[in-house]
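Structures incoming, each one as structure tokens.
Look for subunit A in each of the two complexes below; its partner is subunit B in the first and subunit C in the second.
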Partner chain A sequence: MRTAAIGTVKYAFAILLALWVIVPIYFITLAAFSTEEAVYAYPKQLVPRDMSTDTMRFFLDSEGVVPSLQRSILVALLTLVIALGLGVPAGYALARFAFRGADTFRLGIVATRAFPIVILSIPLAVIFLRWGIDDTVYGVAIAHAALALPFAVLVTSSVFAGISVELEEAAMTLGCNRFSAIVRIVLPLALPGLAAAAIFVFIISWNEVFAAAILTLEERTLPAQILTLLNASPLPFKFAGGFFLLAPSLLVILVIRKYLFNMWGRVVK
Partner chain B sequence: MAEVRFQSVRKTFGKVAAVDDVDLEIADGEFVVLLGPSGCGKTTLLRCLAGLEKVDGGKVEIGGRNATDLPPRRRRIAMVFQSYAVFPHMKVYDNVAFGLKMQRESKATIKERVGSAASLLHIEDYLDRYPSQLSGGQRQRVAVARAIATKADVLLMDEPLSNLDALLRMEMRAELKALLQKLDATTIYVTHDQVEALSMGDRIAVMNSGRIVQVDNPLAVYDQPADIFVGGFIGTPPMNFVAAQVIANGAAPTAQLSGGTLPLGEDARPLAGKDVVLGIRAESINVQTTPGDGMIRASVVVVEPLGSHNLLTVRTGDDMLKVSTPPNLFPAPESDVWLQIAPERIRWMDAVTGAAVSDASEVTPSRVDVLTRAPDTGAAPAPS
Partner chain C sequence: MSAAAQPASVGQRIRRWEGLPYWLVLPTLAYLVLFFGWPMVEAFTLAFREEGVWSLDAFERMYDDLRFGEALKTTLILIGVIVPLQFALAVSMALLVNGRLRARGLFLYIFLLPLAISDLAAGIVWSSIFTERGYLNTILQHLGIGDPNLPRIWLDPTDQTTLLGTVVVAEIWRSTALIMIILVAGLQSIPKEFNEAAEVFGAGFWQRLRTVTLPMLKPSIQVALLLRVILAFEVFATVIAIAGEGTTVLAAEAYRWETTNQDENVAAAYASLILVLSVVSALIVLRLLRTKKEQLLR
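Let's turn to the complex of A and B:
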């Protein structure tokens, strides 16, 4: 009886937590796909009735939204290239080689997250000004890559750690060198995990607003653009913008759950 | 086809010498088993040969070429791993073909060689499947097929049967032996299972703490262990070891045990007055229920019927001995029996060094290197 009671409480708590997250998302989504009148209507509708793309169209037609959307995609792709370009080899090294200072390195990676971007962005802005990459997608991408790199390294290292070294060694006895063993054996097996890491990095950049807002004036990414316009914009714009920022992250979390668990030490083969 | 030679090979991990100055020569087409307890360095030695570990000293020769600094792919070896290491993202066919593809063989050659390797290992029906659809035993076969398909000069096997269940292991053991005899490839086989070693190898190299203690054919390793370690490691039950003093005042030499006196052959005379350890195999002891000349009295502690024979644990003086008897002999516990031991079946060991002695002059209180002492069969241990 007691365990049953505990189970019930546990479930009730879990449902409560889930609702706390799901309800706002639900309302944002609902508002983003309803007519303008429905957005302003009170009491709010609870079930989708007259669905419409009016709100979305209004948002996309707003001044500066489409260019900032393009910039956001570009920045996210650049971030992806930089963070994975550096992160995948680093993750492989951490997973495969016991080198001097490996643990310190691992700790250092996590420690970079100890400095909030709020603190870093001012000196970063100064440096970027000096280098002349302020207010450019490259500057934002570099800052985002710095934010995403720790995750890229840790996730990919857990992906590589889950692939038996003996497979690589077998490939090497069968005619591969280390590089071709990685290309032919390790990468195909790591691909799902690497894809997950890539999507994760993409989303980190996609959702990042603070550095993007500090480092740019004209060349704003979508979150920075929305943040700037937020107070001055009507409700439909806010809902549509919110949905636009939210949706990709949700999809991604669905896809990469498994690998995030891996990252916290539950390495599965 | 190639011969293999280790010359003073050393490999250390931190401060631990995993392989400590190993010399070993393996003839072309020979099947040598590296046998030892876990952590003795046998797998490390194999990996040094494969090129998967860089040696810290010494030389590795394969087929007369100095392979010490060659990467694995240039050594003309093939290896079967303990975990099989079958590539999970490739079908069985592509697994077996992998080495051949890397060697850029023609499509026709690949097809033919994969086919023959698959038929040797009876996996023709699975070529189109992924490894995850196979049982452990079938994956094992894929791993072996992949290794033999490349027709490498030297075949390396790292405990290939240890992940199989007991029955399958016994089956695979015989099948693998038959297969390797057919292939006639130089094979080096690592195992900690002495039964596997005894049953499969042309020669066994017994390793202990990074060193090769004895290299001999299986029977010699079993009957004439080079030291107490080998005698104790090989055989079920292990060899009995009994401390004794050799006495030879005029009459025939005898060994004074804590439980009685054992007659020795004339060749033991030079051992007179020395402390030795007698190594005696369980089946070398003949159990009698009535006393007789030159027998030692012992009392039965336990009788374990094993079907084909009975295993007795008996006490004589301070010593406990394992003795195997015919299955029809059932002495009651705590009853007395008499042990008859043929002098030529006794292995003398140096009480100080633990090394076997074939010649009394070799018994010394000083430290004697176990490696340099040849067993009396004349079969050479590691050449130095």
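Let's turn to the complex of A and C:
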């Protein structure tokens, strides 16, 4: 009797917490796909009745949105290339070699997380001006990569650590050199984990707004564009923009949910 | 490759690869020195040096600005209110999905949803709820609470308590998933036997939580607290999206001085202040949650 009651209470509590997470997402989705009248209406519709894609289309047709969207994707891809291009070798080294200084290096990487790296975009703005890459996607990508690189190193190191060394050694006994053993044995096995890391690096850049808004003036990324227009723009723009920023992050969690624990569980250690 | 040459070549091969790990970490190291270490030094230089002279002028301008006190106070209040509340929430969520619950995989996925939602998106989501003609007032009207012709204004700059309350709600909603996932990973590493043993000896739920689960979870709590407090000093877009100019935080002031006022020295002074506050808080967290050996032995 008593355990059954506790079970019910637990279940009700879980449902309550789930609603707390879901309902706001539902509301912004509803707002983004309401007709223009419904967006301005009060009281608002709580169940989808007056639905249309006009609000989304209004947002996408607004001046500067499509170019800034393109820049956002470009910046995220550049961030991905830098963070994984540099981070994967370092992660591999941490997972496979017991070299002198390895612990210090790992600790140093973890310690960077004690700093609000985003804030460093203020001095970076001055540095980029000197270099002539102020107000460019490259500057933003460089800042985003500094943010994502420590994360990429730690995650890829845990991905490689999960792949048995014996396989690599076996390949080397059978005539592979270290490089071809990595390419033909390790990388295919690491691919799903690396892809999950890549997706998360992409979303780190897609989401980042402080550095992007500081480092650009004309060449805004989408979040920077939305932020600077936020208080001067009509409600449909705001709500559709909010949904547009949010949608990929929900998709990402769905795609990489299996790897999230590998990421955070290992990063903790 | 002939079999006779094999032993020597393996030895050579190992020696040849001895430097390899250093070559592999070098690019990361170089990048972080260039784009993390150097800007950090540059931030302090910008803050303390103007037109070639070392001075505290930037900090004086920062301190004399009316919004400085408000920004510092608001940032600290937000951290002080948000962090304890969301830890309680994260512990509840983690215990639920780690326990015997039907469809716990689904609940875990739902609880994780906000993990990758940006501060800006979360701010816009909650502004659609708290705005005067928004969803909260709509719901209240359906429930018959308050005057239907006079919707309550939640985002009123003259009512800072309510305004900050809305930011607190939005930030808890957005950033609790990060804590929860770290705690769930920590819970999974606690051997089941510990709780079972405590149960055999008659410990109830709360007693087990206090004497077994939470102490075992301490390293995870420490990491989560560390990450959370540091991220809280960067809180920015949520505040701007919800409150506009109605209130301010340190990062928003850094942004304002850099962009609107075009005074990079004061912006750098803010950046330095945020850096110092973050590192000091990180050290405090590490010290407060240090595991004492005597405690373990007792």
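Keep this in mind: the second predicted complex is superposed on the first by the 244 of 269 C-alpha atoms of A that agree within 3 Å, B and C clash if a C-alpha of one lies under 4 Å from a C-alpha of the other, contacts with A are read in each partner's own complex, and residues count from 1 in each chain.
Note that in this section a residue touches a chain if its C-beta (ideal position, glycine included) is under 8 Å from a C-beta of that chain, and two chains touch if they have at least 3 such contacts.
None of these values were measured; they are calculated from a predicted model.
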Original post:
Where does A:Tyr11 make contact in the superposed view: on subunit B (first), on subunit C (second), on both, or on neither?
Top reply: second
**OP:** Name the contact category of A:Pro188: first (subunit B only), second (subunit C only), both, or neither.
**Re:** first
Subject >> Which superposed partner A:Ile122 touches (first subunit B, second subunit C, both, neither) >> reply: second
Original post:
Between subunit B (first) and subunit C (second), which does A:Leu250 come into contact with in this model arrangement: first, second, both, or neither?
Top reply: second
**OP:** Report for A:Ile28: first if it touches subunit B alone, second if subunit C alone, otherwise both or neither.
**Re:** second
Original post:
Does the superposition put A:Ala171 against subunit B (first), subunit C (second), both, or neither?
Top reply: first
Original post:
So which one touches more of the residues on subunit A, subunit B or subunit C?
Top reply: C
**OP:** Could you tell me which stretches of subunit A are touched by subunit B in one complex and by subunit C in the other?
**Re:** 175
Subject >> Contacting residues of subunit C [partner subunit A, same complex] >> reply: 1, 17, 20-22, 24-25, 27-29, 31-32, 35-36, 38-40, 42-43, 45-46, 89, 92-93, 96, 99, 101-102, 107, 109-121, 124-129, 133-135, 137-139, 141-142, 151, 173, 178, 181-182, 184-186, 188, 219-220, 223, 226-227, 230-231, 233-234, 236-237, 240-241, 244-245, 251, 254-255, 258-259, 264, 267-268, 270-271, 274-275, 278-279, 282
**OP:** Spell out the part of subunit A that touches subunit C in their complex, as residue ranges.
**Re:** 10-11, 13-14, 17-18, 20-22, 24-25, 27-28, 31, 40-44, 46, 82, 85-87, 89-90, 92-94, 96-97, 99, 102, 105, 108-109, 112-120, 122-127, 142-143, 145-146, 149-150, 153, 175, 178, 200, 203, 206-210, 213-214, 223, 226-227, 230-231, 238-239, 241-242, 245-246, 249-250, 252-254, 257, 260-261, 264-265, 268
Original post:
Any idea which subunit B residues touch subunit A in the complex?
Top reply: 50-52, 71-73, 77-79, 81-83, 85, 87-89, 98-99, 102-103, 146, 150, 156
Original post:
Taking the complex as given, what residues does subunit A use to touch subunit B?
Top reply: 164, 166-167, 169-177, 180, 185, 188-189
